[in-house]
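Take a look at this one; I'll ask things after.
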């Protein structure tokens, strides 16, 4: 159910110039959409000529420049020049994957976050989203460009509170949307854990093993991610960046709080998954036990009987029992008695009959 | 016995306006009860018209406004306006589950705690209770509205110390009642662990596995909860909120202390539960061992004997033994001797006879 | 050997007035013994009328008021009034169990410690001892009143250094005696671990499992206890209480050091106990292996032979071998050869013969 | 695949003079290459006479003195004198292995880092590289002298940004190259984990065990290494050394960030490896289960049948069934019925037929 | 190989006067050797009359008073008086074992360290060595008096750097010698781990279990020890003691660094040992699997065949097959076919033939 979240990514060539770009060979074509807004109104535009961005950078109100697809290196460097982005910040935007973090540069902050989305078939996709937060603008970079920010766009267009706030509040709105996107993912993980528990106790098959391992890997990835996201948001909520105004800090504190909560849940999921593996192991042992019991019961009843009938199959000249008329039926009686007493013995040991699973001693479960 | 404490809850739609409410479809109808008290007297009232609350907000003494059932969004927003509640604080009250925490806003503090209660059949229910602590009032929000605060009400009516104290002491009294409610829950968990230990050592059945896993899950939930509760109370006892007077801090320190104690107990319960799982696994292995021993003893005694009788069942023309008069009884003697020596061998190995469980070497247990 | 240290205790009813007492129904009758001393002399008295305590409170020198058995609530409240004890401090003294801690109140400190004692049969008993440390007096509260403080009494009577020191040094002497009482307990735990190791490797029986689990539980309890005791003593040795003079801090540092040492030992015992459980599991697996080998050797040798003799027990009309004179002895030779080569095979596999335990490759063990 | 990273190293004789050198007997001959550069140009030279180094030490611009192979003690001491290196710093350079660290001495900093390289056959080699960072020079010491720093040399020759920066930026460039070298190693580890997972679930062989243990050992080594590297870089990025200018700190922060990321990945790899071991154990149990099932099915079907045919092989004079004409075919019918019903029973238990692995209940995996 | 490091030690009687001595009954006779040195020369003497020590205490230069064997209490107290040692410090010297630590008293520091030495047969011995560091003297106390400090003595006599340094450098030299003594011990542990790994994978015997447990215990002891040693050295290197001059701090930092390194290695050894236990468990499971396979193959081939020959051993009057001439050879053909097809089946399952260990799929290992 839950797909694997591998550590993948392009790294710049070893020893490359710091700030070098490691663009993949086939990048999605770049698409830039700008929303500029203020209390009075909203302007939207698709930008093709990068130099048009100057207008939005300096214009009135807050500009959200949304860059989907990373495109060519020259274009990215041009954007960097226009907004005065530090080369290292720009490199972090391009060279995915970077860990979630906040870094302050002169004139702007870099905020790297990871988006978690459920695709078809409930597999989870993680994708890096980078934000560059300036005085009056927010640049957002996304490689694939899924439309997760639609609700924010609607709120801007709808003239909500966000219209009267600055770039810091916009950054908060965007990152809050990302964090909220983890809730359905975590629910899927929780459901998988619940389903696995049922399976692990009652009918452990080999794929259960694979699924438990997969869910542990997923939890590890999500947890590693969210732990760092939490740290980044904590930095912002404590007001260590000059670009986040005190009034917006309380909102970042709220986002931080969500990250803490998700983290706590993931932490306990991790322990549950460890416990599940042990449950699975125990279940397999239990099954083996059951198999052994059947073998033992059958073998222990019939092996002695087979010996007995073997005795009277011997060809000694002098075996008086063979000639007694009631010997044969008597033997049957004896053998049935042997088998019966064995059966009683095993029954008492609890090796035959209904397993006392969910029996009388646990009525309240 | 111990029920599962799942991570459940409603989340606002992804990317929603911060402060948005995610009310469930079928909420319990809202019921508001107010107790206003001072050294001189107590006034109680059921409030239906929200605007009546103004009177209690501004009136003399301390007002405890108890909101049971969250009701409609408009009403909640109206209460927020009347008491000057920050939208994020109000959202945290509504959008359960939130993690236990303390957050200071201008004019009021938000304290989120979790109540643990034993229902029928000893299953444990966790429920969020939120407190908004103002200068002269405490707003408490509870979704289900179980009457756990009865003792506090009695003490107010009875004219105890609480009558001469402020809103901070009221908040302490309420949260202390919640914390104390964990003791019986923990006792149930402890009893379950004790019962499971007995079962795991002596008669491990498949349901034992489920129960151990369930108790681990319960401990994880309680522990996660209480750890955060402890942090929240630590914040209040250190006097980081302006609304908690120095004289009341020592009481919050006491409540914090209880949280620490419960936490320590849960922490050791967690390790015990891990140990229990290993005990269970060992027990299952022991059982398998026992099954194997029975099989081995029976098979090892009878398989060679069956071979022997098979020999004299062969139809060779020239088998001189068959014609000796005393051969048959002699064979019996030989076979009994074989079986007997096997038996002695197994006895020495400790595979037959009484298990040396609780034998001489452990007289003091 | 090592008894269980359960989490037991009386809790006041949920939501009770803070500071309420939860006295058990059958408390030991209270007995108060006072020793007042100074450089010049020692006065001892058994106090029956609580008001006599005033004399010792205000008298010259240092007074150690030893309260054994908690008695009735009224009396305790009276003592509280006489010495100006904060209600929460008094409640912590009464409502055992409390975790070890130090808390400063106006005019006095509360120090809660736990005493570990070996009873008959080497079971360990933990008991809360509470100290209230005032300017010139120390109140000690003990529920059962075992005479562990005898050495301190002797030193006071003997006119040692303690006579010239203040109440802080008396408190140190008492708590140091408690801490030292853990050494024999820890030695018992260490011996049990050593004994269990021998048993777990060489002859694991079912009770071994119970004992390992019991010792883990004991270590957990002691460790939880001592960890908190260490924290409390650290507080005192850092001089955070105004009632501990700088000259006595170094003594508390010494007591703290002992607590650290005990803690470190417990910590490594805990890991050893975890390792022991794995050793036990491995031993059980080894035993099962041994059982399986015996079964396999016997079955693998005799099942094919039984088949062979079965062949010549068939009643076909035309089986030429049956009529050859030397066929029967030849068959015996063949069967012995089969069995012999099987035996050699198993011997090479190491399944029969002496286990190579402690063999040549490990001469130095 | 992944080779072991043992703790190896030469230690000076116990109790030796601090600063003593423990040179191995067969050291690679020393080779010194110097690059001196500034914005205006680059000078390169192979240095044979150590006194020539004075020229570069005092000359204009930044000098990178690359020492490959440690050579003789006298020469090293001479270098130490020329650059004013503290004896302890020089000893740390020589007496490999030292842990990664940064240490400030008067006039220079010591930075010890570890390089990870993939050799042929994908085995990983770790090697200590030491840097001594002075005001205008960087001394780098490498025992084996692999050419990993070629990219940095190219950038210097190519006249990039580095030409206009100081010795601190050179040090950064070198250490950043080392850190980047971990990425391919980590990828190899990740691939091995993935491969092992496949093997552990589907066809666990004994070598799998060895490989899992080897990969755990490798992860432990890398993780221990990188954790300390991270700390060292953190020290430099926080500007605790006077030799790192504020403008270069942000670059060290970036290198630190990479170290953090690698560390996080290693941490989750470690957990995955633990999980893998459990998966392997479970798989082995599953296999045993399968073996047991085959044995049990065969034995349980045929042992009773063998008993039955044994019965009619007995030689009693009076066994009426033997003389009934249809008895023999009837017996066959009966035996086939017995075997058939057994088969149905086992089929229902899921012991025969296709394993329900990847069955209908898990369509989405 | 590696011996156990038990928690042993003498404790003073419970509740004894603080500073009381718990001398063992049979102590080694005391032997005091003094080396007094300065830049100009060295004086050495064996001291029998304790009052001769005054001369060295007050004399010029630095005095190293080496006390081997603790001797009688009176003598120790006399030494304490002569050098002004705090009673608690003296008690810590005598009452071994104390944990490694540094404590500052007025006029002197107490440094407790633990020496690790390899005895014959590679067993490791831990012994407490205590140092009292005064302004011009160092008192060293050792119970057994092994001559580990010989190298330091040689360096003093040889006129090295140490002659021109103070008492703090002498203390450093001594403790550094102790720390360096851990390297060979750690190497032995590392070798044992390596040897155990080989054994655990390829031929796990019961003693392997004991050895793994023993090595874990050894690592735990060493690690606990070294962790505290590291803390003590960290205190000295941070210059918290007035008796360590800034110039010597850098040397203590170096010793601290060695302690950190040893600690890191021990930490990873600990994890490796845990992993080894799992490897051992897996190996035992694998072996059991192998045993089971042999049993299953033999039983599954021969049990059906035995049934078949049993059929034709029956004595029914009407069994037409018995009278067919070619029936007997035909039966042999049939049985061989059955056995053969079984063999092919098992071969495909990989249960017979060479284990595919180190097979084609892992060429690079």
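The letters A, B, C, D and E name the chains in turn, as written, and every chain counts its residues from 1.
What we mean here is this: a residue touches a chain if its C-beta (ideal position, glycine included) is under 8 Å from a C-beta of that chain, and two chains touch if they have at least 3 such contacts.
Bear in mind that the values here come from a model prediction, so they are computed numbers and not experimental data.
Least step count on the touch graph, chain A to chain C: 2.
Touching chain C and chain D at once are the following chains: E. Simply put, chain B must spin 145° to overlay its Cα atoms on chain D, rounded in steps of 5.
Measuring from the averaged C-alpha position of chain A to that of chain D gives a distance of 25 Å. Per-chain CA centroids place chain B at a distance of 40 Å from chain E. Multi-chain contact residues, meaning those touching two or more other chains, occur in chain E at positions 281, 285, 288, 292, 295, 299, 303, 306, 310, 313-315, 319. Starting at chain D and stepping first to chain E, the touching chains follow one another round the ring as D, E, C, B, A.
Interface of chain C with chain E (complex): residues 148-152, 155, 160-161, 172-173, 176-177, 180-181, 183-184, 186, 190, 194, 197, 201, 250-251, 253-254, 257, 260-261, 264-265, 267-268, 271-272, 275-276, 278-279, 281-283, 285-286, 288-289, 292-293, 295-296, 299-300, 303-304, 306-307, 310-311, 313-319, 351, 355-359, 361-362, 364-365. Here chain A touches chain D in the complex through residues 1, 6-7, 11-18, 86, 88, 92, 98-99, 101, 103, 105, 121-122, 199, 205-207, 209-211, 213, 216-217, 220-221, 224, 228, 277, 280-281, 284-285, 287-288, 291-292, 294-295, 298-299, 302-303, 305-306, 309-310, 312-315, 319, 321-323, 325, 327-328, 331, going by the rule given at the top.
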